[in-house]
Amino acid sequence: MQPLIEVGILGATGVVGQQFVARLARHPWFKPTWLAASERSEGKAYASVAPWRLTTPIPDELGPKTVEACTPGRGPRVVFSGLDASVAGEIEQAFASAGHFVVSNARNYRMDPLVPLLIPEVNGDHLSLVAEQQQAKGWKGAIVTNPNCSTIVLALALAPLRVFDLKSVLVSTMQAVSGAGYPGVPSLDILGNVVPFIGGEEEKIEAETLKILGSDGGRTPHTAMISAHTNRVAVLDGHIMTVSVDLGAKPANDDVIEALRRFRGRPQELELPSAPHPPIVVSFDNNRPQPRLDADRGDGMAITVGRVRPCKVTHTKFVALGHNTVRGAAGAAILNAELMAADRMFA
Amino acid sequence: MQPLIEVGILGATGVVGQQFVARLARHPWFKPTWLAASERSEGKAYASVAPWRLTTPIPDELGPKTVEACTPGRGPRVVFSGLDASVAGEIEQAFASAGHFVVSNARNYRMDPLVPLLIPEVNGDHLSLVAEQQQAKGWKGAIVTNPNCSTIVLALALAPLRVFDLKSVLVSTMQAVSGAGYPGVPSLDILGNVVPFIGGEEEKIEAETLKILGSDGGRTPHTAMISAHTNRVAVLDGHIMTVSVDLGAKPANDDVIEALRRFRGRPQELELPSAPHPPIVVSFDNNRPQPRLDADRGDGMAITVGRVRPCKVTHTKFVALGHNTVRGAAGAAILNAELMAADRMFA
Amino acid sequence: MQPLIEVGILGATGVVGQQFVARLARHPWFKPTWLAASERSEGKAYASVAPWRLTTPIPDELGPKTVEACTPGRGPRVVFSGLDASVAGEIEQAFASAGHFVVSNARNYRMDPLVPLLIPEVNGDHLSLVAEQQQAKGWKGAIVTNPNCSTIVLALALAPLRVFDLKSVLVSTMQAVSGAGYPGVPSLDILGNVVPFIGGEEEKIEAETLKILGSDGGRTPHTAMISAHTNRVAVLDGHIMTVSVDLGAKPANDDVIEALRRFRGRPQELELPSAPHPPIVVSFDNNRPQPRLDADRGDGMAITVGRVRPCKVTHTKFVALGHNTVRGAAGAAILNAELMAADRMFA
Amino acid sequence: MQPLIEVGILGATGVVGQQFVARLARHPWFKPTWLAASERSEGKAYASVAPWRLTTPIPDELGPKTVEACTPGRGPRVVFSGLDASVAGEIEQAFASAGHFVVSNARNYRMDPLVPLLIPEVNGDHLSLVAEQQQAKGWKGAIVTNPNCSTIVLALALAPLRVFDLKSVLVSTMQAVSGAGYPGVPSLDILGNVVPFIGGEEEKIEAETLKILGSDGGRTPHTAMISAHTNRVAVLDGHIMTVSVDLGAKPANDDVIEALRRFRGRPQELELPSAPHPPIVVSFDNNRPQPRLDADRGDGMAITVGRVRPCKVTHTKFVALGHNTVRGAAGAAILNAELMAADRMFA
């Protein structure tokens, strides 16, 4: 048995940071030994400063741990970043420059042409950018990112459909409030309501999806046209979306379903610890997927696709759902790090 | 001043029937004098049998009124129908055959080629079917219907866009629970959840919209392709939907907005009592319309359209919202009857 | 007909301030001519700085009005205060000192022995404190306050029961999110949840109720013992509470009901514009009152009491409900000012 | 290692029956080998007739199992009953008469003086009624029941306080919609609302609690006075309640807290498989317990008590919470059966 890889967490007290703490504390490969956050928390016990919002308790071994400042060079070589975008840009770069592998959930470097925007099942080969990044920047460390919480559901659902000549995608999301962090969405805005706008979200979905499905590490975006409508709904966890796709190859509906069902990626082949089996659950129940019943499938790492059927306008339409704070955030970054570990990038 | 037109209500104790009672009790042209429901309620005071769910109280003059059976030939010449689809087919036909004008919210005859499926602002000319219907059936009465609660929002929003050569429509709805009646949607299904399926709803939206926008009384459907995704969300009142449309004429975005803003129909010209001014409120606030804040616009009879912007896949995309139990049910039927009265069909 | 009394609004852009604006714009006695807020809004049009959250639109005549700073001596003699407690203490005192009548919804001076804590139906005679306050402080103006949004429902429900020798009160509230302002309660805290704690609320309910029901302007508190549990629930508007009271006189249940039903106060006698008729609606329907169906009774100014029945532990128990942002905030202050105007205090 | 005890489930397709299926499938002592339901389901595969509503999937080994009729004499000696009260009375008696041990969640026999109403931590000695029941009825089987879902939370929280001379209890509940089964509470009734009435619930809480805390198998009820207010709120799982208790011994608040914290019962001593450790979690966080964050404590079998503090009217007040479909239904019955098994009643 391999020794555990020590990891640190940047932004450990935030909503995504708490997910990192909870999931890494029971991880078979990684051992979180270093928790960093803003100066406000520095020097205090983690349990005393993290406004813990998960239903599972704070891991016993991490609650008493002293929170440190986000100082590059301190902490383990591998750090997960749950930093807010307002500070992630500067800090992540400083850490990479200081030799850390920064496995980040922040949006700041996702569209950087030298930074992989990774979904291990979909574009694991984009990790080849890491060497280019290190050379171009003169870093020993590197930054690797995972997509936005809606993008990851959409891109994973679209990946198996590329073989059918994906020409266009129309997506309308219904997103959970946990996607906006804490305090996030005011209850007066969302109780019994829908807000048909999430700032910057449509642009992110459109651009990130094409990079992920693209070639040359994402520098040549996929040629499909994508248009997104994004909505906030009164759901706690789980982003659900209706999707209409134009498939140039005009496959039969059963072939589309089979492509989704049979889809596997490197995480499944390598049996990475967080890999869901299968990554895409296809539901044949008319009124599924539903956020409350299906977001936790595959320990929150599988997406569920249902109602796959012909579309009178495009070619095929369906519903897709994924857990936005697991597959769409901390779990995504951890799966990225698992692939990097399996590829001996941390060796 | 004209004398009031006496009207009856079929299915007066149900959810839609209650809306008829509340809105007709204060109507300037119509006077509800006859309330009919199933045998279970026959002979009892309305207030004692209607499970009243509105925030406004039961109108004083109608609460003590004795509920009668749905017997054709009884009651006034003009009757509104809030009957459930399971019984509306037979009863409405019997009333029309007995000489009543049945202004119905039920779905049973909406797609009948001799029955107008009416939105007065959009296809008031389809009322010409009434004479054909009477002749073909040998009736002195007639049946006139209003569309499904989602269709009416979509069709009203699309009507001004016909001038731009409407080629295709992709719509994804987020519908309120009041659209399913009472008891309707179980709370266990919808609290903190989304249900991405409403039985028969997608087919109704697709077919009804093309009939309404069509010619020859709807017998020649509009040529656009329509594809609908329908979802139930945890909202009380107000169906909101994202819409992407392909406009062959490729108008500038400002021209699309102007067409929506300037749209008027016969209800506005005739200043019908329930006509909203304007019928389509265009919002320029990024995060509007919202069901809770905008469903009541125009006393619930206006729809609100917002976020009109270019779509990377079709041509134009926007958000539309309307009050499903007002503009989408009782208010729709009452506006239909107002147009019929203005056209002297009840004379 | 009397000329309108000009009034100003302190904190006009906040949640309570918006309620003042909406309700005063259509008031038969008062005319809002002066809107004041923090420096951030100074010099700008009201409509451009108020984050309007009501379903009714901004009144036409007030939307373009320039917002001014909260400068004592500026503005009309009568000012309503919707200020946040963090700033209300200093500003309200400065205004009273400068000769303004400050009719305040803020909590800062509620328990001041020289400041009336007023519910016009209950303790209108406490207005006699105003003269004492002016003399003691050397002010030409004065401060008059209304209670906390839960207190007002409880105290109004208890007022008719004083005749039965009220010995103790146990109340457990279920309070709407609008009571916490905007952004207020994070949706992650309250969706599908109950939070059994509201900071400072239990103390306020216990102390304020005894002052209101007390004598000598509230300086001799009522002798009853009161204990409150306060909870936040996923409701938009309307605080509902279960109440158990020990009535030393041991009245029959019907007598308790009659006392509640027949209760009237000076607002009803004087027919003040905002006075609800009756102030306490007694419901005989087992599952009422409900926030969604009953909060708006009496234009939001009546409370509803239901399920009045014997209690095995105390003597009597019941459920009470009131609209927290109307009867519990702006509407309460306006009714206070109406009583002051009727008593010629502004003459 | 002991061989597994075979068990059956009456009403296996219902909401409580599904909980039995899910929890028993992974039970270390019991093996569900027989699923019975109404005639409608007889002869069909369980997975094809159970409207499965849990987030965990149907256990692999039980999904294909053929559902049988509720025929006494068929199936294992130990049967769990999740039957609806409308049919439980007759069926459970027939099974007991035919020699089965019926471990029931139905309310029908809870107040029968010969039937134990059991909370293993509180009144395990009431199992002595079983022998009396068998003798009086001439049965080889027996019926044992667990309390109503609110009662169990209250009675468990009160049990440690009996040592302080419990004189009276005032409780106001806020109950989850899952307590009403499926379809249960209509969403139109509860979205953004509170319903201050649950039919029969207050009577059950008052009577059942006194039987459980009573002596002589519950035939001598506890002498405390209890009064309950019951409310339905928009929560999925977890009944939360505010409680005020009069403790004649006037203990210090810290002593009350210690009594709650140190409380243990026979399930903890015997280390029964479903026993939570501890049975009562005492929270010291002001805004806890909360249904969403705390209902699952102890795998749903622990209750959480918080905000223990003096009460100005009674003596002590606090908040209590428990999972209504686990500790309040299926989990309760299973723990009952575990105690019976440990006591060799099934031997």
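Letters A, B, C and D name the chains as they come in the text, with residue numbers starting at 1 for each one.
Everything that follows uses one rule, which is that a residue touches a chain if its C-beta (ideal position, glycine included) is under 8 Å from a C-beta of that chain, and two chains touch if they have at least 3 such contacts.
The shown structure was predicted, so the numbers you read here are calculated from the model rather than taken from an experiment.
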*Sort out for me whether C-D or A-D is joined by the greater number of C-beta contact pairs.*
C-D
_On a CA-centroid basis, which chain has its centre farthest from subunit D's?_
B
*Just curious, how far off is subunit D from subunit A if you go by their C-alpha centres, in Å?*
40
*Could you tell me the distance, in whole angstrom, between the mean C-alpha positions of subunit B and subunit D?*
48
_Counting only Cα atoms for the centres, state how far subunit C is from subunit D in Å._
42
*Of all residues in subunit B, which are in touch with two or more distinct other chains?*
53, 191-192, 234-236, 292-293
*Mind pulling up the subunit A residues that touch subunit D in the complex?*
53, 55, 191-192, 236, 292-293, 296
_List of subunit D residues in touch with subunit B within their complex_ = 53, 177-178, 182-192, 234-236
*Name, in rising order, each residue of subunit D that touches subunit C in their complex.*
168-170, 172, 174, 192-197, 206, 225-227, 229, 231, 233-236, 240, 242, 244, 286-293, 306-307, 311-314, 317, 319
